[in-house]
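The structures come next, written out as structure tokens.
What follows is a pair of complexes built around chain A, which joins chain B in one and chain C in the other.
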Partner chain A sequence: MIRFILLQNRQGKTRLAKYYIPLEESEKHKVEYEVHRLVVNRDPKFTNFVEFRTHKVIYRRYAGLFFSLCVDITDNELAYLECIHLFVEILDHFFSNVCELDLVFNFHKVYLILDEFILAGELQETSKRAIIERMGELEKQE
Partner chain B sequence: MALSGMRGLSVFISEIRNCQNKEQERLRVDKELGHIRNRFKNEKGLTVYDKKKYVWKMLYIFMLGYDVDFGHMEAVSLISAPKYPEKQVGYLVTSCLLNENHDFLRLAINTVRNDIIGRNETFQCLALTLVGNIGGRDFAESLAPDVQKLLISSSCRPLVKKKAALCLLRLFRKNPDVVNVDGWSDRMSQLLDERNLGVLTSSMSLFVSLVSNNHEAYWSCLPKCVKVLERLARNQDVPQEYTYYGIPSPWLQVKTMRALQYFPTIEDPNTRRALFEVLQRVLMGTDVVKNVNKNNASHAVLFEALALVMHLDAEKEMMSQCVALLGKFIAVREPNIRYLGLENMTRMLMVTDVQEIIKRHQAQIITSLKDPDISIRRRALDLLYAMCDISNAKDIVEELLQYLGTAEFTMREELALKAAILAEKFAPDLSWYVDVILQLIDKAGDFVSDDIWFRVVQFVTNNEDLQPYAALKAREYLDKPAIHETMMKVSAYLLGEYSHLLARRPGCSPKEIFSIIHEKLPTVSTPTISILLSTYAKILMHSQPPDPELQNQIWAIFSKYETSIDAEIQQRAVEYFALSKKGAALMDILAEMPKFPERESSLIKKAEDTEADTAELSAIKSRAQQQASNALVVTDQHPANEPPQVTQLGMVKIPSINNLENNHVDQEVTQTNGIMGEVEPQNGDILGDLLAIEGPPGVSGTETLTEEGALALAPVGELENAVKPVIDIAERFRDLCVKDSGVLYEDPYVQIGIKAEWRGHQGRLVLFLGNKTTSSLDSVHAVILPPSHLKLELSSVPEIIPPRAQVQCPLEVVNLCPSRDVAVLDFSYKFGTTLVDNKLRLPAVLNKFFHPVTLSAEEFFPQWRSLAAPPLKLQEVVRGVRVMSLGEMTNLLNSLKLIVSPGLDPNANNLVASTTFYSESTQSMLCLVRIETDPADRTQLRLTVASGDSTLTFELKEFIKEQLVSIPAASRPPVLQPTIQPISSSDPGALLAGLL
Partner chain C sequence: MNPFSSGTRLRDMIRAIRACKTAAEERAVVRKECAAIRSAVSENDNEYRHRNLAKLMFIHMLGYPTHFGQMECLKLIASAGFPEKRIGYLGLMLLLDERQEVLMLVTNSLKQDLNHTNQYIVGLALCALGNICSAEMARDLAPEVERLLQFRDPNIRKKAALCSIRIIKKVPDLAENFINPAAGLLKEKHHGVLITGLQLCIDLCTTSAEALEYFRKKCTEAVVKSLKDVANSPYAPEYDISGITDPFLHIRLLRFLRILGHGDADASDCMNDILAQVATKTESNKNAGNAILYECVETIMSIEDNSGLRVLAINILGRFLSNRDNNIRYVALNMLMRAITVDTQAVQRHRATILECVKDSDASIRKRALELVYLLVNESNVKSLTKELIEYLEVSDQDFKGDLTAKTCSIVEKFSTDKIWYIDQMLKVLSEAGSFVKDEVWHALIVVISNASNLHGYTVRSLYKAVQTSGDQESLVRVAVWCIGEYGEMLVNNAGMLGIEEPITVTESDAVDVIEIAIKRHISDLTTQAMCLIALLKLSCRFPVCSERIKDIIVQYKGSLVLELQQRSIEFNSVIQKHQNIRSLLVEKMPVLDEATYSGRRAGSLPATVSTSNGAAINLPNGVAKPSAAPLVDLLDLSSDDAPVPSSSGGDFLQDLLGVDLAPASSQLGTSQTQKSGTDVLLDLLSIGTPPAQSSPSTSDILSSSLDNKISVNTLQRLSSPSALSGQASLPAVGSPVMDLLDGFAPNPAMHEDNGPAYPSIVAFETNSLKIIFNFSKAPGNPQTTIIQATFTNKSPNVYTDFIFQAAVPKFLQLHLDPASGNTLAASGDGSITQDLRVTNSQHGKKSLVMRTRISYKVNNKEVLEEGQINNFPRGL
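Let's turn to the complex of A and B:
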């Protein structure tokens, strides 16, 4: 199960944080700080997996952005690693050539997309098309 | 750059981004928050658009790390807005700002429910998403049935269904007791027929959770899962949008394979064959390709397939295929694959017997221990730890020690613990173990927990051959200019105990040992000083003939610390000073520590206790647990596989330091030094008993006295037996009622010893089942027949006791309420064709839950008076009392932990005693007893008992009566007599060795 998802830039600014477990705000800030420190200095030649407390963080870097998923020790690492990539592809498709600024100014859209992609810490939909179409439907209603 | 579509929001974000520093940002945020607060205060003129904009701004500010508590209410209230745009913002922001523990959320339950059961599909989706992401117990209670309905409704679009599946998953995961899934196997079975892969993906996650909770209920779904896998593997009916780099939904494949791992096996041959075809295809057909994403996706499936194959105990051929694959993976450069190779090898060791094959890769694995990536190093460490056995322990531990020098701090403690455990479990010889631990302390003292050094001390204490070696090693380390404090502790302790064994070596005279230790005293902390003081006292004791100069030096130190501010140090200094003036008596008091009784290593327990926190119990673990239930038999069947010294060395025979863990080190040492008196000598005495396996039967004159009551149980079983006990069981039982260890039962084949510890209303008994013969005892059964007032839990007893072996079975006791009833152990075994069955009373009797207290007159009399009348105070004239002097009676009561306060009763013919009784129902309860004897007629007396609980008063009165009436004249009053037995007779190992 995904415990939380973080999008952070190299400076540690949080661009998106979604928690599927109940954490206090102070705890969230701590987690964000720790995860950033954990991933930011890792060599690109290292694994994409790193232990974090009693869980593990699966992360991937895209330009200056780190996408980190915190999952259970027993979860399938590569499946979640590609889950990150699929999410990036969806964002890329939605924003047509996504960049960090898109995510900054449209953070609310990113949350909406994420809610169509992952729910309750589990994958909900893996079809890019289904999600993009769904986003279109929702935008019409606004 | 795309703007947010809300000008105000975009402008605000830009302004924040333009802030030069954190201070400016804070000012800007504060200004905005003030503005938002004002706008919400008078909602008039606030448009839908405004509300949306402000709530989004709040979320943005929250993401920056600022507190927006005041906005929770605004976000939650938007949920009940009638129109989609506001509702959407309300739902989304609420699920970001709040978590399931927030009270505000309750306000929204009704609205959320209305949205779920309503007709508006978009609203349904919003509500399901909120509940799926942050729904807590309240939501589960009021919404679970509605969500279940949506999931199985035929009129719902896939969009709603997949959300309902995951929403239900969350509710079930968090509150399996609230969500009713009875009869869901049929529903699940239907859901797994789903054609839409989005719905199927979500449903499969739900299924994993259900099946991990109770696989029995879902057997009917198993073939459906295999069908799903076949469908994906053959790429049938998989729309293009569900393939990922050409691979049909790797995520669904992984999930499905995960679900299958929760079924212990697959019975149906057709299903099994179909599944293995798919798995074989995955194992053989996964090639390394250039595209990273495709490669990852295909290997995600491959690793899950590997896990499933391991789980299903495939044919040997397929298993070796798996090991071969993993062997390949741990050698590749690609870090992720290498990491997973190591990880999965470790898992494989947990479920199948592939140790020998994996050992071939040892060199490769050790290379990974030196990898620059900590993630890989950790996996390598885990694997080395798991694959270690007696054949490669030396190499592996050497590597770990070497690595300890360079490892990062975060890993050192784990590394030290693992090295210590391996050294302990698999030491080829004892001195090597000592070397390893001392090196550990030397190299990484800060990361060596107290457990580790306690352990080595216990080990050395219990193995005489090791003592000179350990002392010498400790002495060598002291020559180093700077040593770690833990090293100081362990060397001081060892040298105090055993330095006299080195006396003839250069540099090892008592004087030299003393000065080299004392040199370091100024550098150590208070707890260590306490240990040093004990060492000095021991050195003093061992320097024979006394060396006046050394004596004066040490006395000077003692008198200096007599005024120490630390109570422990002060007490030791005073006591040692006084004791050391006693001359020869010192020898007994400060004699070497007796051996520790046998117990499991607490280090190993500690290592096993670190558990992962996962949403579902991991499949491997649940399987490992299933295996553990049969494990006992397995280990007993192959005793020959383990060289005998492993069992000895495995230090099963050494006490756990658990009970010491809570104590401060120095307390521990005080106790073990035997200064506290009665504990150790008593143990010595009893261990002598316990282990006299072939000693003369019936050591003391056997009594032919039948005790009333509970004893009636025993003879029945005995009469049927051809095998007669060689000791008087009734007498042993009586002895054990006032002692905590000794022999409970013995016949020509078997000896049952018992050792007990009591704390408050709880106790821990260990049964030592010893096979005295040279052949195995079969069909060993031990069943406890507990009385209603005791909760007894006997750990499992192996069915076979190997020749000359002793098996320990711990038994946990909880005293629920006062009662004199006695627990019975039904013990049976087969020797050849003879079946022997005995029913033995267990000495978990009333007085074991007493804790002695001594009361002064000021404490006693107010209590005595306040408990004035029945049923709290009962009086009875007892006749037929066995004739004994007042002194004997006092001894008897004291031995039962009813402590007599002499002189409290003005009449010299009366005795007054008190104790504290512990049980779950009464908690700790003071009990008072008064016995008035008649000097003219010693066969009668008047007994008065008082306590705050009527049952307790009654039971205690009857209990004392039994003791006074039934105790036979010939039995010696069981006084606590500290006698020290020669160590050799109290050494379990030595005795067993003598037998061999």
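Let's turn to the complex of A and C:
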């Protein structure tokens, strides 16, 4: 199960934070700070997995953005790595060539996409097309 | 229009915040926005509510407090339109969590929205419920969610499935309601619904045994078929990831099969073919394929034994391990750890590669590899693996050293076959990473050193050399200080030289240098400094030439700000200056530390009885195993002078280090001392044999009282021991109890009858003032043990009082001194004192006896000290 998802830039500014477990606000800030510290200085050749407290963080860097998933120790790391990539592809498709600013100004849409992709810490949909179509339908509701 | 009024659009606010150059500017903008939002909240403004909440969420992301917006979420959720509800639910998920009371207020809105005619609103409600529902909400809303599992739109069905997972995690009792609908989802063709349905089944199986049984019976074949379909499916652009159709679905199916097959031979049998197919046919040149293979290997390892599949799985892991991609190597290490319980041999084959991974530059890989190595160690490879680990310790990162040290120490402790190897390896670790070694590890090392009597010399010399190069490693310094304090003389006289050693020349003052440097190092902490002081006290006696210098060092701590050090300094100084006569008794070598007692203490529990360790049993002259049920016998048993450390209940290690119980006195004092739990060491030190209540005995009566007490205690013991010892008839010196009573006071020739070949008596020591004669006899049935009766005669015209005879022997010998017949020696050979010594020669037949003696007494209240060495023992003793 995914415990939380973080999207941070290299300076450690959080662009998206989704928690599937209850945490205090102060604890969330601490977690975001620690995860950023863990991933930001890792060599690109290194594994995309870091142990974090009793869990592990699967992260992937796209330009200046780090996508980090905190998952259970027994979860399939490679699958979650693929999962991050799928999410990025969806964002890329939706915003047509996504950049950090898209995510800043449309943060509420990013959350909406994420809610169509992952729910309750589990993968909900594996088809990029299905999610993009669903987003189109939701936008029509506005 | 004011750009910061509530009239600004979200986009404008974000721009304004991004335009801020300093944190102060940003705070100002946020403050203004928050003020505007607050006033809108109090005016109950409906038009811009969702825009305001969206702004608030952005502000929240920046880390500012936004609790005042919580009620706004609820209002938005309760409003009619989709856009309002969308922002309301988003705010609910971001600003609130399951623990807030406010959440209860939303249950009703959720219930309405779950029954809404607009399926997009139903979707929003399910999403919020799945992400933040509490146990109460789960109970209230479970029927709605259960119904939605059969909703016509697959988008709602998959959301309802994941929502159900959250519900059964919060309220496991509800699991049984979901078993049937979940099984229904497994028949779906829609990937989203199938994948969420599978996840629901997996979670149901972990919460309910009933569900597992049900799925195993009804669904195994269907799941196998689904896997077959997806594995053999033609190119499907919608789900394709680098040439594989929906790897996520593959993985969920494999995971569910693992749960179904685990511990069930039939189900396992059913999935063998498809697992073999996935393991052999899946492309392994892309991450997606490897993710499937990885999951497949795990499933093969978990289901019931099929050796063919396992070979396949181990081979895949072997390929992973040699992959250039670090991620793949990482998961291989991860999986090998689980494979080790299944097939150790197969994992052992990759040992060299795994060891290389310990040295990887990536901390994640290192950590995995180290844990794997730890599991791989066995008796046959421990030496080579330890060597590699210790070599790597020298060059490893600082932050990895802690882990590496802990694991290496644990391996060395667990698998050490001989003590010299253990000591060598521990010294290497201490020299490389002494500051990372935990206290209990070096405590254990000291216990082992103490028990390895033939290695004392070797160890202390090795430590001396190690400290010269790695004097900055705290725990190395501590062990070195302890050993030099205990075995300092072996450092100087190169006693107990092993063949592999290079002789070194160390003077007494070199040895004291080590301690002095250690105590004066600015980074030394209290424990180290306290240990140094004790070592110095011990050395002051062993190295008379350095006595003055040592006293000077100790005196420097008289003014220490640390009370403990100050007190020790003053106490030890007074021992050195005023109590010459008892000092040597005080600083006798520590008796061998009992490993069992020690490890018991380490485990946090005190042993109920003084245990009989192997060491103690071997040292019994008659080789008869001691009856372990009688701890009292152990304590009173005079035949083993290395009786285990009395189990004084304090966990105070320092007390042990001090070696309060002096070898000759210990057995006699056994009863009184063991029951003492006081920690005032010096009180013990100064009051040998006096009851603890007598806290400040005057110097003059210490010795007399102590000796009197010794004799009386001894007599008592003898009286009490025969019944317990009667089984050990061959025990020397315990001939008959009555004789024993007399034994201490008058020589009893009868005792030595029939004790094997007779040996000529020797004059062991002779000066103008004193003569010592040794008579020898053998303990019956034990050629290694010699009983020596020493007779002391005063040749001077003055009476000697406070007469004490002490002896020391090299390590291959063991010496036990019985109490002397008295402590006053009449003048001019008018009377004599006798004392029995028992020497056990572990090298009997190879080496002959040798002994150093020290005699102290008072003439006209003036202290006299005489020392000598006895080399003229008859051969063959």
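Details
Simple rule for what comes next: the second predicted complex is superposed on the first by the 142 of 142 C-alpha atoms of A that agree within 3 Å, B and C clash if a C-alpha of one lies under 4 Å from a C-alpha of the other, contacts with A are read in each partner's own complex, and residues count from 1 in each chain.
In the analysis below, contacts are C-beta pairs under 8 Å (C-beta built on N, C-alpha and C of every residue); 3 or more make two chains touch, one makes a residue touch a chain.
These numbers come from a predicted model, not from an experiment.
Once chain A of one complex is fitted onto chain A of the other, the partner contacts of A:99 are limited to chain B, with no touch recorded for chain C. Comparing chain B with chain C, the partner in contact with more residues of chain A is B. Judged by the touch definition given at the top, the superposed model places A:112 against both chain B and chain C. Once chain A of one complex is fitted onto chain A of the other, the partner contacts of A:88 are absent, as it touches neither chain B nor chain C.
Taken together, the two complexes place residues 14-20, 22-23, 29, 42-43, 45-51, 76-79, 81-83, 86, 104-105, 107-108, 111-112, 115, 119-120, 122-130, 134, 138, 141-142 of chain A in contact with chain B and also with chain C. Chain C meets chain A in the complex at residues 11, 14, 18, 54, 57-58, 61, 63, 82-83, 86-87, 90, 93-94, 97-99, 118, 120, 126-127, 130-132, 155, 158-159, 162-163, 165-166, 191-192, 195-196, 199, 238-239, 241, 246-249, 251, 255, 287-288, 290-291, 294-295, 298, 326-331, 334, 361-365, 367. By the touch rule above, chain A contacts chain C in their complex via residues 14-20, 22-23, 29, 42-43, 45-51, 76-79, 81-83, 86, 104-105, 107-108, 111-112, 115, 119-120, 122-130, 134, 137-138, 141-142. Considering their complex, residues 1-5, 9-10, 13, 17, 56, 59-60, 63-65, 67, 84-85, 88-89, 92, 96, 99-101, 122, 128-129, 132-134, 136, 159, 162-163, 166-167, 169-170, 173, 197-198, 201-202, 205, 239, 241-242, 244, 249-252, 254, 258, 293, 296-297, 299-300, 303-304, 335-336, 338-340, 372-376, 378, 611-616, 618-621 of chain B touch chain A.
Those residues of chain A that touch chain B in the shared complex are 1, 14-20, 22-25, 29, 42-43, 45-51, 54-55, 72-74, 76-79, 81-83, 85-86, 95, 99, 101-102, 104-109, 111-112, 115, 119-130, 134, 138, 141-142.
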